[in-house]
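Labels for the chains are A, B, C, D, E and F, by order of writing; each one numbers its residues from 1.
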Amino acid sequence: MIQTAVQIALWVLAFSIALSFYRLAKGPTVPDRVVAADNIATNLTGLFALFAIQTGEKLFIIAVVALTILSFVATAVYAKFLERGKIIE
Amino acid sequence: MIWLLSITIGFLVATGAYLVMQRRLLQVILGFSLMSHAANVMIVSSGWVGDGFTPIVRKYSDVDPASYVDPLPQAMVLTAIVISFAVTAFLLVLALNVYKRIETDDMDQVRRLKG
Amino acid sequence: MNAMLPVPVILPLFTGIIVFLFRRSQRWQERISLFSLAVNLAVALSLLNATAGGEMFFHRMGLWPFPYGIILAADRLTGTMLTLAAAIVGACVVFAEGYLSKNERREVFHPLIHFQLMGIQGAFLTGDLFNLFVFFEVMLMSTYALLSFYYNLDQLEMSFKYTCLNLIASTLFLVGVSFVYAQAGTVNMADLSVKIRELGPNPLMLLTAFVFLFVFAMKAALFPMHLWLPSAHSISPTHLGAILAGVLVKVGIYAIIRCATLIFPQPFESLQPVLTVMALTTIVWGALGTLPQQSLKRILAYSTINQLGYIAFGISLLSPLGMTAAVFYIVSHALLKSSMLLGAGLTQKLTGTVNLDEMGGMMQKAPFASTFLLVGFMSLSGIPPLNGFFSKFFLLQAGFTQGAYLVTGLVVLMSLVSLYYNFTTYQRMAWGTGGGEAGTAPVSMYASVGFLASFAVIFGLGVPWVYEWSQLVAAQITRPELYIAAMRNAL
Amino acid sequence: MSEIIGASALLIGAFFMFVASLGLVRLPDVYTRMHAATKATTFGMGGILIATSLAFQDAEITTQSLLALVFLFLTAPTSAHLIARAAYKNGPDLSSRTTIDEYGPYLQEMKAGEADGPSHHAGTENSGTIPDNR
Amino acid sequence: MPLATLALSIAMIWLLMRGDAAPGNFFVGLILAFILILFLRRTYGQERSFRRWSDIVRFIFYFTWELIVANLQVLRIVLSPRLHIRPGIIAFRTECKTPLSVTSLANSITLTPGTLSVDYRMTIPPSLFTPSISRSPIKCARASGAAWKNP
Amino acid sequence: MRSVILQTVAPIVLHLTLIFSMFLLLYGHHQPGGGFIAGLMTAVGLVLQWVAFDAEEGERRFHWPWEKFYAYGLGLSALVGVLGLLSGAYLKSSRFELHPPLIGEVEVFTAFLFDVGVYGVVVGVTMAILVNLCIPEEKPEKESVQG
């Protein structure tokens, strides 16, 4: 039951990552691309959680936490860079 | 699976090689780090990847030892990642110093300014 | 003795840390550093003594079972190279004490040089391919930092170039390791040797061996990858140039020897023409490259390339005789070239320049320094009583014995070119005219140059013993089954 | 029972992640795209993490995914705010459907204020002007 | 927040992370909290305030409901064949003055229907700039903003 | 321009990150995790502070001696290796069981101390690089005598 759901969800997430990649490639402005990249990162976090359910491996949950932190810091840094042209004032 | 890895490695190397041939120092550094990632993926794929379990032996687990992924390449990759991290950081410091000196990170400009 | 094997790795590591913590007090930094280098030399000598009888030593880090874990191994070649490294680095540090004026970024110099020494000695000691990579990287990383020592633009650019080239080499090294691991399933050198022999000749293994040859040739500055060497020698501080020429490139040569004899003996037989062509091109390029140079250091750098070609030629013969000549050449060239680069640094300190035409008349102004350089140049050009003659002589002997007449003839021709450039260089430097007054230099600088230069004479007079030792080393390394059996027995 | 709930939470979560990406593609400008991306991905991740804790039935996993969730709710809006602000300052690029922009005048005022020196902005509450339908 | 509360909550988070409520773990968490506070002591300013617990619980329920509504709205907008949106950036007054309250307001507004926060104006009157996705939620946002009292 | 929202969130995230990195460091000998990842996590949290506030404020808030972090970290790791030499070979890990009051049984491996050393090295090196990158120190140019 849940394994079937995981299979479906994996495909859905893969497709949504592909859509985000479209925005990442096309995005008329740089902020568009940043939003797309952030979205891809969140989707990847979701994928990690799905892998955790699929394989029964608890470690992936820790990876989820770590990835969340990393993607937030990356986005913050990128936004800062966009705004000022430098990261640390 | 092995096809996916091969394509990934090829893509990383191609992108890295393209970036390495640019004039800007930052792009060169990015290219090198991409290429080292390609090498890392290659090492991982030299062990058995496939459908194996993560190579962590737990108490009371009844998993057949043969179905674990080979852990040695992963240990090696960890070391290699640390090393490439350090080298990339060093290169960034170098590039920043060049930039501070002459206000550009374009290699052609560097040569011209040096005369 | 087995328990002593980690010492050449741990000792520089600890010294580096302690010296770093003592960076406020330069006097203590010097004392600790020199003391540690002396102990290191003693350890290396005792290792040399212990391996002399043909015994091999192994140390398993963390007591992991045989094919896994980190293994340190020592045979005669290791002992020789360790002693060389300890002596040359020690002399260079003594030299640097005088060369660097006070407060000139010493707080980074001492720690970095010890980390570099750790990498070098680890690379000589390690018994598996992956740790060779790790120690290479430790060594290279401190070299990168040392190359950009004064942070001026030339050094930054050169350091960037050197780092990029070595990054390519490191990436390829990893690729090679992954090839090896995918085929043989191990990275331990002795284990690999057995497994590769079992696998038999196949194209992929040939490719792997070629990748490794390329990687190590980059470190050893053989032909297609030699371009970094001249600028690295001439722009970096002299003591680092001496370590580069004396030890660092020898690490690459050492790795090629290990590959050719122990790990990939069969693929290297197929690769022999490649190696020979590389060696010859290096010889020609190095010899001809010296001719248009104005700077003493650049001439020495091209001469280093030239000499590395000779060593590679010796290895490319892939016979005990050629290996003997190569080992003899390594030993004599390491001591000789580092002494000459230090001598160049000494004249630079005295006259403030390395441009030959601006020196002029060094023989009157600085008799000691130019005498040391005279010994070096005479030895390099192959004047009989000095060791340079014998190293070339044994090489040619090996070449002719194996019937490689055409190739060896080319080598003879190129040694005539080197005779020419060595004499013109010395003539321009020592007897020319022009140039300003010579300054003074501390005694420690003279002492370190003299210490290294004296080996040219000592080895020249004591050729039989050195040659006999080289034969012993070559006899051991050309029979990999000894190494494998010893490792299996010990572990 | 818990399996059914877990599976449906998983599917709902994945569906909302998909909606976010679709919104990213369909909507006209950065700000509206960010609406979709921020809200729907946060909600979707919530669904997936709840499903994870239901699937494992393990205290450690439950608490860890709860932590990840808290983290996500803390960081996702913040990063949206940062990107939105950076995007506006990089050139507003509002879509042609935009009806009102009260932020632009404020920014100009700030710039003028920085040029004139610090001053209090009293009574700027209604300074936002409603532009014509562009 | 007083340091004791901070230490306790760090220990609680530690327990959450370990997923094992053994007393030993709790003490390890306390020791960790002590070390962290020791290292971070320079970063703690004066301003720390805390809402009442009942308010927080009420807020969480309200927020969850709003989150679901917001997502349904996004769903409707994205999946409808024609885009029924009239976006705009509006400023609305708040009574929040401390950074913590502003942050929590801004972050929760981002996740509730129709709005996103761009910037906050600390000058008088404090107001929050929110790009909204359609015209009607502007009122909604003003309403929900008004619901926020200064804690 | 600074952001009030980011400046409020950043310290909270720092706390969470530090706890999480401690969790990674102490996760246990039989589990993955360890010094390197934990150090990187800590460094990420600290970098966020530098981003949210400016460099001077970051320096003021975190006036920690980064170079000592990596010197002592490296020393600790190497020392653990020497301790292993006492029980057989370099880097040999040995196991202790401690019974500290209030905490209960703790299984300690000397490899854990090695990890702590690695943690120090990673945090120290990363932050030292960061601090040196963002505070431009105008050194007088020292030209070497060159050839």
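The working rule: a residue touches a chain if its C-beta (ideal position, glycine included) is under 8 Å from a C-beta of that chain, and two chains touch if they have at least 3 such contacts.
The shown structure was predicted, so the numbers you read here are calculated from the model rather than taken from an experiment.
Set against the C-alpha centre of chain C, every other chain centre is closer than that of E. The interface with the greater count of contacting C-beta pairs, when D-E is set against E-F, is D-E. If each chain is reduced to the average of its C-alpha atoms, the one that sits nearest the average of all protein C-alpha atoms is B. Centre to centre, using the average C-alpha position, chain A and chain B are separated by 20 Å. Centre-to-centre separation between chain B and chain E, using Cα means, comes to 38 Å. With centres defined as mean CA coordinates, chain F is found 36 Å away from chain C.
Centre-to-centre, using mean CA coordinates, chain B is 33 Å away from chain D. Touching two or more other chains at once are residues 13, 17-18, 103, 106-107, 117, 119 of chain E.
In chain A, the residues touching two or more other chains are 59, 62, 65, 69, 72, 76, 80, 83.
Within chain D, the positions touching two or more other chains are listed as 20, 22, 34, 58, 60-61, 64, 67, 71, 74-76, 78, 81-82, 84-85. By the touch rule above, chain F contacts chain C in their complex via residues 67-68, 71, 74-75, 78, 81-82, 84-85, 88-93, 139, 141-147. Within the complex, the chain D residues that touch chain A are 3-4, 6-8, 10-11, 13-15, 17-18, 20-22, 24-25, 30, 33-34, 37, 41, 44-45, 48-49, 51-52, 55-56, 58, 60-61, 64-65, 67-68, 71-72, 75-76, 78-79, 82-87, 89-91, 93. On chain C, the positions that touch chain F within their shared complex are 3, 6, 10, 13-14, 17-18, 20-21, 59-63, 70, 104-105, 149-152, 154-155, 234-235, 237, 295-298, 344, 348, 352-355. Chain F makes touch with chain D in their complex at residues 3, 5-6, 9, 12-13, 16.
The part of chain F that touches chain B in the complex is made up of residues 30-32, 36, 125-126, 129, 132-133, 136.
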